[in-house]
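Let me begin by handing over the structure; questions about it come next.
When the chains are written out, they are named A, B, C and D in that same order, and each has its own residue count from 1.
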Amino acid sequence: MSILIDEETRVVVQGITGRDGSFHTKSMKDYGTKVVAGVTPFKGGEYVFDIPIFNSVEEAVKSVQADTSIIFVPAKFAVDAMFEAINAGIKLVVTITEGVPVQDMIKVNEFANLKGTKIIGPNCPGIISVGKAKVGIMPHSIFKKGVVGVISRSGTLTYEIVKHISDSGLGVSTAVGIGGDPIIGMKFIDVLKGFEKDEETKAVVLVGEIGGSDEEDAADYIEKHFNKPVVSFIAGRASPPGKRMGHAGAIVQAGTRTADEKIAYLESKGIKVANIPNEIVKLLKDVM
Amino acid sequence: MSILIDEETRVVVQGITGRDGSFHTKSMKDYGTKVVAGVTPFKGGEYVFDIPIFNSVEEAVKSVQADTSIIFVPAKFAVDAMFEAINAGIKLVVTITEGVPVQDMIKVNEFANLKGTKIIGPNCPGIISVGKAKVGIMPHSIFKKGVVGVISRSGTLTYEIVKHISDSGLGVSTAVGIGGDPIIGMKFIDVLKGFEKDEETKAVVLVGEIGGSDEEDAADYIEKHFNKPVVSFIAGRASPPGKRMGHAGAIVQAGTRTADEKIAYLESKGIKVANIPNEIVKLLKDVM
Amino acid sequence: MNLQEYQSRELFKKFGIPVVDGSVASSVEEALKIAETLGYSVVVKAQVLTGGRGKSGGVKIANNEEELKEKVSKILSMEIKGLKVNKVLIAKAVQIKKEFYVGFTVDRSSKRNVLIVSSEGGVEIEEVAKNDPEKILKVSLDPLLGMFSYQAKNASMFLTPNKDVISKISTILEQLFRLYISIDANLVEINPLALLSDGSVVALDAKIVVDDNALFRHPEIETMRELTEEEKLEIEAKSKGFTYIKLNGSIGCLVNGAGLAMATMDLVKLLGGSPANFLDIGGSSNPEKVASAIEMILRDKNVKAILINIFGGITRCDDVANGLLEAIKKVKVEIPIVVRLTGTNEDIAKKILENTPLIYVDSMVDGVSKVVELVNRG
Amino acid sequence: MNLQEYQSRELFKKFGIPVVDGSVASSVEEALKIAETLGYSVVVKAQVLTGGRGKSGGVKIANNEEELKEKVSKILSMEIKGLKVNKVLIAKAVQIKKEFYVGFTVDRSSKRNVLIVSSEGGVEIEEVAKNDPEKILKVSLDPLLGMFSYQAKNASMFLTPNKDVISKISTILEQLFRLYISIDANLVEINPLALLSDGSVVALDAKIVVDDNALFRHPEIETMRELTEEEKLEIEAKSKGFTYIKLNGSIGCLVNGAGLAMATMDLVKLLGGSPANFLDIGGSSNPEKVASAIEMILRDKNVKAILINIFGGITRCDDVANGLLEAIKKVKVEIPIVVRLTGTNEDIAKKILENTPLIYVDSMVDGVSKVVELVNRG
């Protein structure tokens, strides 16, 4: 078992012929992911890495039963790509693209909800179910198979933390990069619900940062409903308020907590928070 | 049993202080309908016929558990009134108002669908569940309790037909005026599904007219899925094509059937169609 | 409300949809001026709200001034399907490589807007639907979110394999949908949408039907109305609170409710008469409104008798009867009027009308029989 | 992107939201001209993108020319929270009867837009939320259909019992929401929205934040940008493909990924140093981009050492190392640079950097420790 994706997941890559799209398609395929289709308008009928290209997601679903999509198209077209995937009946859409307007994501999320599609991202590294499948852009060599579930708002910071977890021997079950934007698809809580049921996952690391209150919402949820140990790292303690720190969603605004306040909140709910990324391993060993 | 409404239905009247609203509120109340609330902005706290008025539907739902709404507000505001009712959790909305724009109804219908609200109308006389409740504007004295379910796109034509059914002794179980607009909430088929399960209803009269193909869709449905006898009357045989005959939806357009063609289609599916309104009684007796 | 082609063209331009250069003219002089700026050859198109203008001789090519004079004066003196031609569109003639059909309309069954495209342009879409259904693509649009760009792109790919043309049609579809929604249309149609020999894609015709119920929020569209004589009557009736549509028979009908009004006309026809009009007097029937309605029916000199069919419902019949008496005092009526009244206090109503010229009947069938008999007896 | 008050006012006007008469001035002369047409008294408001302008002395009333000259010249020479005042808004002074707060913003938790109104206007809404939460109404808006009219009406009824004022506020809310959506805002706020003694309701302040990610479809908003010195750096960085935010410390940071960049800064601070900047070099790190980034870090004269923290991921570390070497050839660097590189071919990278001035470390903690030590040692 694993969450969101596994060996059976049938992936369609939207924007497969672009620079990033083709590069990561190869990497996903090398990892063993079943990439069954690509979509690029006007290129229907062609092939990349022996993967058939279609003009539309609908055709990809009909012809090769794609059920999961990963989106690499530029920000201007990413929203339309998500709507297309949802309407075509795709069950899980992972949007790597950065720079998607917030108002568009408000609509996409509601529409996806109504149609029963799960959205990961945008502006995220995707998902890796270690040893089974990768629908994302993470360097998979650092992911050693293990028992720790990871949920994160960022990319490289997650790799940094995952490397320590892998090196420690604990290893990772599934890692989900939910994205650094203010409005994203699945949030910490949504992914936690998956880890709760996932027998492979014995503990969870929650990698958060400044901006919004998703970490606090997750902490409330964990206190009441989540039965596996959780530890955390929160980035942004040295970031000045009122400034967006790279991620569109990473900003301390009036009415939201600073990193220190977030950390205090999490700890008040019994979640240990690491001061330094590599401390995560020690905290994990303490609670497991 | 009856369909859509009964003695337990708790009605809120949107636009209760208007001329039509207050007149028909009295009539519904006289009939025994549980009219539990009215809504007119700025008049919250007042009373009409001992019925409390609220500023919003939400308050009416919270304070007196209204579950069904009837809308009398002018066309410009009727759409907002429907959205308000749907968002407040009203389960059945009956819109009497005529003149609601089509594009608005396309949105209202989808929204109602998503939220699980049923819509009747607009531009309709409403519903009467004979002897139990009236959520509409029909002259209830002509409705004698009986076994015939009536579904109709028009008002007075229905009364004409109902009078014959009442006089014949067959009587009416529930009559539903679904409205004369091109885009309406519940259609023939949706109401038929209710009559199928209603033990009080032994036969159904379908009063249709030119415009669209709802009657044909209903005939297809009846042939395959409906197990009670159905007879029909179709208005508009003398109406020239291309002209809207009063109802916004009553128009023979390129690609839709004339009244004669509709009648032929219904009869091909085994549904007898009366030539004259009072023939309905004979046809009913033939099939029952 | 239907817009004239030249009006629809203006809306197209406003929304960035390419049309051929041209302008509307009401006289030969105006037409000559327009053609001068355009250069010959030009197309002369009768501006009337009906299909089949070409077949009726309402569309002609003029290659020079002489031809233009002749053709414009001829078309401006025509009637097409009973409609007088008051205006012609003068447009630059173009070299057509391929014709498509594109349009948006309301699909009543699915309760959604639909995009319809066809690779068979320039002919009626219903014909194509009947004969070559595989040449039509119907795309159902989301009720809340409208058309997605990928839908416009996929529909365009259905029409042609040419990437450049696809991108042009795609853009036109997005603009046309924006227009469709922003004016509350029930139909917008480009037939044909033409690929020209220079590679451009332009709308060679333009059809728009706007939702009458939504005109209150589009006053700018309301002002475009060009009324025929019949439509003037319809508008006058609306302003007085009832609905009137002129037909060609001899029996004037005054009914409450659109369904019952249609059914009354049907019965008139069934029993051998012919209805002179559709008239729905609406909910309340005060004497003044009834008088206006009777007056309008009487303007039609073909009318030989009037049938009044009121299912009073909640209204009291004695009130209606009194209203009728008052009404016929205001309007001098020299033809028979048959009255059927059902509702509360029918009996009193019957008595009120007893010693009047109004002929009282008890049922709809009786009323129709009576009025047909009166007219056929002559 | 934050708009200045005077810019937001222009958008308000365009969408029919009433504002007090007034105009923006960059000099005393301009201010005098504006005040002349308005008539005294006028309010002088510093145009800087920060809250608390009033408390900082950036908002003053002038009752005559003398006072205006004095106050404008004073405010134009001010700095408020480190921001230079270049422009002042001169607006007609008004008689306020009551102040409200109204605004639309994105609620991240519910993933919806929300309407927020408060009967407590003129103070920060977060203060009201803390002290008088019952004076705030938050209305969640439908993600697909937006705000319904009844929601605007109900929110207005929350603010006041006066029917006339309710209807005015309702209209303003509908217009403000239309503005909010049509410019892809993340926040629009009127604080205070004032009921004046003449019964009118006007926006006395205007705050708008537009979604940077949506600016590609609002070029007209993009042109309104008035950059501070710091923002100019940020924009320059963006144009070169990386994200830079200046801070006040002495350790320059160059990191790939926003989360790791923040975490690096955090660690610098934790271990006793202070970061001079946030810098996310992004996905690909070609030598040119790395050189520009180092060059930008070095423009800050407070910087005493640089820490490069790259978690290469799929990128090959030897490539990055070679890039770094090339980069420091282009930019002359006289301060220590500590480099941490993780990813494929780390070992080769280590060798490449062995005999260079770059100090190679094996981990993020080592790197931060090293750079803090170097700086603190002086």
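Here is the rule we go by: contacts are C-beta pairs under 8 Å (C-beta built on N, C-alpha and C of every residue); 3 or more make two chains touch, one makes a residue touch a chain.
What you are looking at is a predicted structure, and each value in this text was computed from that prediction instead of being measured.
Averaging Cα atoms per chain gives one point for each, and the point farthest from that of chain B is the centre of D.
A count of contacting C-beta pairs for C-D and for B-D identifies B-D as the more extensively joined pair. Our note on geometry: chain A versus chain B, Cα centroid distance of 49 Å, whole angstroms. The geometric centre of chain B is 55 Å away from that of chain D, both derived from CA atoms.
Measuring from the averaged C-alpha position of chain B to that of chain C gives a distance of 27 Å. The set of chain C residues touching two or more other chains comprises 142, 144-145. Counting partner chains per residue, chain B shows two or more touched chains at residues 107, 111. If touching chains are joined by edges, the resulting network of the protein chains shown has some other shape, matching none of path, cycle, star or complete graph. You'll find the chains touch as A-C, A-D, B-C, B-D, C-D.
For chain D in complex with chain C, the residues that touch the partner chain are 144-145.
Within the complex formed with chain C, the residues of chain A that make contact are 41-42, 55-56, 58, 77, 80-81, 83-84, 87, 107, 111. Residues 142, 145, 148-150, 153-154, 157, 163, 166 of chain C touch chain A in their complex. Across the complex, chain B meets chain C through its residues 20, 27, 75-76, 99-107, 109-111, 137-139, 141-142, 152-160, 163, 180, 182-183, 207, 209-214, 217, 233, 235-240, 243-250, 254-255, 259, 275-278. Chain contact summary for the complex, chain D toward chain A: residues 51, 106, 108-109, 111-113, 124-126, 129, 142-144, 181, 184, 186, 211-214, 216-217, 243, 245, 247, 255-263, 265-270, 275, 278, 280, 311-314, 342-344, 363-365.
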